[in-house]
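Look for subunit A in each of the two complexes below; its partner is subunit B in the first and subunit C in the second.
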Partner chain A sequence: MNDEIKVAIVGQPNVGKSSIINALSNAKLHVGNFSGVTVEKKEVFLKRDIFDIKMTDLPGIYALNAYTPEEQVAKDFLLNEDYDIVVNVVDANTLSRNLIFTMQLLDMHKKTILVINMVDEIEKKGGSIDKSKIEELLGIPVILTSAKENRGVEEIISQIIKLHKTPLAKNKIFYNEKIEERIERLAKILRKSPHFKSNDVSRFMAIRLLDRDEDVYKMIHDLPIFIEAHNALEKMYKDLELEFDEESTTDILANERAAISYNLQMETIDLDEEEESLSEKLDNFLIHPVFGLPIFLFFMWTLFQLTFVLGNYPMNVIDAIFSETSSFLADFLPKGIFNSVLTEGVLPAVGAIVMFLPNILILFLGLNLLEQTGYMSRASYLMDGFLKRFGLQGKAFVPLVSGFGCTVPAYMAARTLKNPKDRIITMLVLGFMSCGARLPIYVLLVSAFFANHNPGNMLFFIYIGGAFLGLIVAKILRTVLFRGEPEPFVMEMPPYRFPSFKALAMDLWIKTKMFLKKAGTFIAIAAMAIWFLSSYPVDNKLVQNYHAKIEQTTNISKKQNLENELKAKLLEDSYLGSVGKFIQPVFAPLGFDWRLSIAVVTGLSAKEVVVSTLGTLYAMSGADETSKGLVSKMRQNVDFKAAVALIIIIMIYSPCLAAMGTFYAEVPQWAWRTFYTIYPNVVAWLLAFGVYKVLALMGY
Partner chain B sequence: MTQLDKLEKGKRAIIESVDLDRDTKRRFSNMGISPGVILRVCRRTFGSDSLHVKLECAACVALSKNEAKHINVTPIGGKGGLGLGYCRRGGFKAKDFCCEREDCQLQKED
Partner chain C sequence: MKRISDLEIDEEAIVTKIFAKEPVKGRLLSMGIVKGAKVKVIAHTLARQTWDILSNNTKVALRDEEASSIEVKSIYE
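Here is the complex of A and B:
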């Protein structure tokens, strides 16, 4: 049996934790969720010598006084979970601020390793870090790393093993005597309770209490020592605040830690005075007070142009491969159910989705680039003033833009908003940000109905239009349901960094795998179901009638017409046809036939299914030799007004089941869940209807 | 002493006090905005709704004007980059900051 070492990796956001984890060799990565919440949990498993090392990557956290729900997850883990070693990753560039958090971690008095990352950037500026001095001052092992250059990363593992074998070293961080005296007095009271018997735990809890940590306060609330501890604490607050002339003991401790970290940085980092950095030069241009916003819009516009233009080439190839394979197999395989399921059901459906993989990858790549280079937080800053006008704040921008990729992680990203009102508003309008899975539908409809416009522009317009609608809804929600100011906006702006190609490639690879897996399983099954429902029951009499008629005619094109008529009739009488006709009245005012109606409804399971359903339904009905691809079939069968109405429905109505599940997981109140489930569909229908009528009046 | 939102662009200042509610104040302090810290305003967005400031620890932070109004700062003379850095802090009020270096140009105001 191997010895297991449990490691918690913590650090402030953007210090390079993920990069370090990616750089570890022979590591098995497992991505899941923290129990009960939808915050992503990355676990890494490693084997070295006789040790099984399990590392848990905690969400970025600025300090133990957690502020956002996401930080709370990290804090809860640190306070309550079982682990042997803390690996604290810090950014060498902002060492003093990072060390303030390190100081809080050291209060726990657990085995801790300090990993100072991004040393390459310090070296580039001609600076150096005195590692042994930091070790001496803090009393813990320090490792200098550059995840970018893959330096020092393996040393973390050997240090973990080494530290595991050695006993816990003495604590070296002490506060001002006046504070220490109180800590000791309070700890003594806490030790009377069996929960806080150990000296380390009672000291840590005492410090947290003096820091006015509400979570810890709740912990002692139901214990017999509470009254005594509470009274002592109240007096200490008062006395210390008076002695230090500060408003709160939190400030006193913060000042203490700041002073220690600041001096520590001064003693150990040798850095020349900085000139205007590259980031600042870039910022002068990219977040210019006047030009910043247009530049941002230009980036987004370029992204959608690229999505369409570059994505188009592989799209046509993939489309051709699938339709050729389909017709080849249709002739090659013996006729029968299997043949039909495969060539009329599964292949057209899966093909209809896979052909959009390139577009989706380009979109994700673009969004990833924005994030990785550090531009995303600039964009948040630029948008803060603008978003305020709609009752949101700059930080809501990151979830909103992630919504263009996938709504599920975007809901999770809303956890960086502290204020529950801000979070709910943001989440309620997130569906207006069209996700990557809706892209295929737009591409299809734009190609079919806006062929003589620039398709990239149309896509940009659809995405930005959706986003703008979302903002208007946010404003309405803020005025009607959630009065009050958005939470204060404060956000880190990390320096611009060159993106890591490995990280980008990894991410795209994971996305591709997940996408193909989904297309191969969920969507293939859905396609089979749709095929089955649209192929049965078969009215044999009708078939016989038509076959007789077909036999009698000699004209080839008439034969073909009759055959198509038969197919269309059979489809209409199928189970799916009946369901479609049943729901069609709802969509009739928007000009949808039963096929579009079905496609919209199946889209509630996953947006990709809309296109695959259309693929199957139009492949089965009325195929003639002039309309091979889905695009031209749509053009023949759907009128322009209905197509525009469809775009609007897709843009606004409920997102997929996975996204809805995530929303339910994030928002416990049934009132909001119900509202969320109904209102987008109502808004979508009303708006689509309005636009349909206006277009009709304009003579389309 | 002046308010951070009124500080001219490019000018450096030392934070004297942060008069915000406890939660927000704590957040700002965790992100590096607390009394004793030297900062410089890099720019503002359109409509001057938010500011982009650079802190002496080299971190850049964006914050909105609503909050900047409640951060009191004392401008420091001299131009150029940050990192004078020998002004001691912690346990002192900004006006007591003593500088060990001759080139520290903290303007003491009362």
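Here is the complex of A and C:
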């Protein structure tokens, strides 16, 4: 039986924690969720010598005074879970700020390793860090690393093993004696309770209580010692606040920690930093009061242009591959049901989706780049004043932009909003940010109906139009449902960094895999179902009738017409046709035929299915043999007004099941869930109807 | 007394008091904006609604409301 070492990896956001984990060799990564909440939990498993090391990567946390739900998860883990060693990752560039949190961790007096990352950046600036001095002052082992250059990362593992074998060292961090005296007195009271028998635990709890930690206060609330502790605490608060002339003991402790950290940095880092860093020079442009916003809009515009223009090349190739394969297999395989399912149902549908993989990847790559380089937080900064007017805040920008990629992670990104009202409003309008899966539908419709416009511009317009609508809805929600100012805005703006190509490539690879898996399973199955529903039942009499008619005519084009008529009739009488006809009245005012109606409804399962459904339905309607491709078939079968109405429906109506599931998981209140499930569809229909009518008046 | 919102771009100052209430205050503290810390205004938006503050190598974006809740004094005092 191997010896297991449980390690908790903690650190403030952006210190390079994920990069360090990625750099560990021979590690097995497991991604899941923390129990009960939808915060991503990364666990890393390693084997070294006789040790099984299990590392849990906690969400980025600025301080134990938790602020966001993610920080709460990290804090709960630190306070309540069972682990042997804490690995605290900090950023060498902002050491003193990071150390403020390290002090809070050291209060726990657990075995701790301090990992100072990004030393390459300090070295580049000509600075140096006195590692042994920090070890001496803090009384814990220190490792200097650069995840970027893969330096020092393996040392973390050997240090974990070494530390595991040695007994816990003495605590070296002490506060002002006036505070220490109170800590000791409070700890003594706590020790009367069997929960806090150990000196370390009682000291830590005493510090947390003096820090006015509500979670810890709740812990002691039901204990017999509560009254005594509470009374002592109240007096300590009062006395200390008077002695230090501060509003709250929290501030006193914060000031203490800040002072210790600052001195520690001064003593151990040798760096004079007077010259303007590259980051600052860049910021002179990128967040310029006047040019910042136009530059940002230009970036977004470029991204959408690239998505369309670059994505177009591989798209044609993929399309050709799939249609060639289909027709080859149709001839090669024996005729029959299997042949038809595959070549008429599954392959065209999957092909219609895979075709858009390049577009989606380019969009994701762009969003990732913005995130990794640090520009995303600048965009939040630039957008805050604007978003505030719509009752949102700058930080909402990140989930909103992620919404252009995929609504599911966007709902999760909304967690950074602490205020529940801000969060729910942001989440309610996230669906207006058209996700990557809706891109294929737009591309299809734009190519079919706006052929003589610049497609990149049209796409940009659709995306921006959707976003703008979302903002208006946000404003309405804010004024109708909630009054009150949005949450305060305090956000770190990390320095600009050159993106890591490995991380970008890795992310794209994961996205590609997931996308292809979805196309190969879920969408293929959906396509198969739609094919069956649209091929059965077969009215044999009708078929015989038509075949007889076809036999009789000698005119080739008449033959063709009859065949198409038959196909169309069969399709109409199929199960799918019946369903379509059943729901069609709802969509009839928008000019949708039953095929479009079906496509819209199937789109609720996943937006990719809309295009594949259209692919199947129109492929079988056999419009005109000479016109290949879905685009021209759509053009022949759908009128312009209905196409515009369809674009509007797609822009606004409920996102896919996965997204809805995520929303349900994030929002426990049934009232909100119900509202969320109904209102986008109503808004979508009304708006589509309005536009349809206006276009009709204009004579389209 | 001056507040951060009274500073100009590139102006430096020392934090003397933070009037913001919890939990904003705690967040400011954990970003290194504490009493005695040196801050520098890097940028603000055109309408002076959002501020970019540098403190001890960390850049923090604040809204006007938070910027005006931080009291500062000149670095020469």
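Here, the second predicted complex is superposed on the first by the 699 of 700 C-alpha atoms of A that agree within 3 Å, B and C clash if a C-alpha of one lies under 4 Å from a C-alpha of the other, contacts with A are read in each partner's own complex, and residues count from 1 in each chain.
As a convention for this text, contacts are C-beta pairs under 8 Å (C-beta built on N, C-alpha and C of every residue); 3 or more make two chains touch, one makes a residue touch a chain.
Quick caveat, the model's predicted, so the values are computed rather than measured.
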Clash or fit: subunit B against subunit C, after overlaying the two structures on subunit A?
clash
With both structures placed on chain A, which of the two partners, subunit B or subunit C, ends up touching more residues of subunit A?
B
Going by the contact rule set out at the top, does A:97 touch subunit B (first), subunit C (second), both, or neither?
both
For A:176, using the defined touch cut-off, is the partner it touches subunit B, subunit C, both, or neither? Pick first, second, both or neither.
first
Please work out whether A:260 is in contact with subunit B alone, subunit C alone, both, or neither, and reply first, second, both or neither.
first
Which partner does A:358 reach: the first (subunit B), the second (subunit C), both, or neither?
neither
Let me test your reading of the model: by the given contact rule, A:287 touches which partner, first (subunit B), second (subunit C), both or neither?
both
First (subunit B), second (subunit C), both or neither touched by A:603:
neither
Could you tell me if A:245 is touching subunit B, subunit C, both of them or neither one (first, second, both, neither)?
first
Intersection of the subunit A residues that touch subunit B with those that touch subunit C:
62-63, 65, 67, 93-94, 96-97, 100-101, 248, 250-251, 254-255, 258-259, 262, 273, 279-280, 283, 287-290, 292, 377, 380-382, 384-385, 388, 393-394, 485, 488-495
Using the touch rule from the top, collect the residues of subunit B that touch subunit A in their complex.
20, 22-37, 42-50, 52, 54-55, 57-64, 66-67, 80-83, 85-86, 88-91, 93
Complex interface listing, subunit A residues touching subunit C
12, 62-63, 65, 67, 93-94, 96-97, 100-101, 248, 250-251, 254-255, 258-259, 262, 273, 279-280, 283, 287-290, 292, 377, 380-382, 384-385, 388, 393-394, 418, 485, 488-495
In their shared complex, at which residues does subunit A touch subunit B?
62-63, 65, 67, 93-97, 100-101, 176, 212, 244-245, 248, 250-251, 254-256, 258-260, 262-263, 265-266, 271, 273-276, 279-280, 283-284, 287-290, 292-293, 377, 380-382, 384-385, 388, 393-394, 485, 488-495
Please give the residue numbers of subunit C that touch subunit A in the complex, ascending.
18, 20, 22-32, 34-37, 42-47, 49-50, 52, 54, 56-63, 65-66
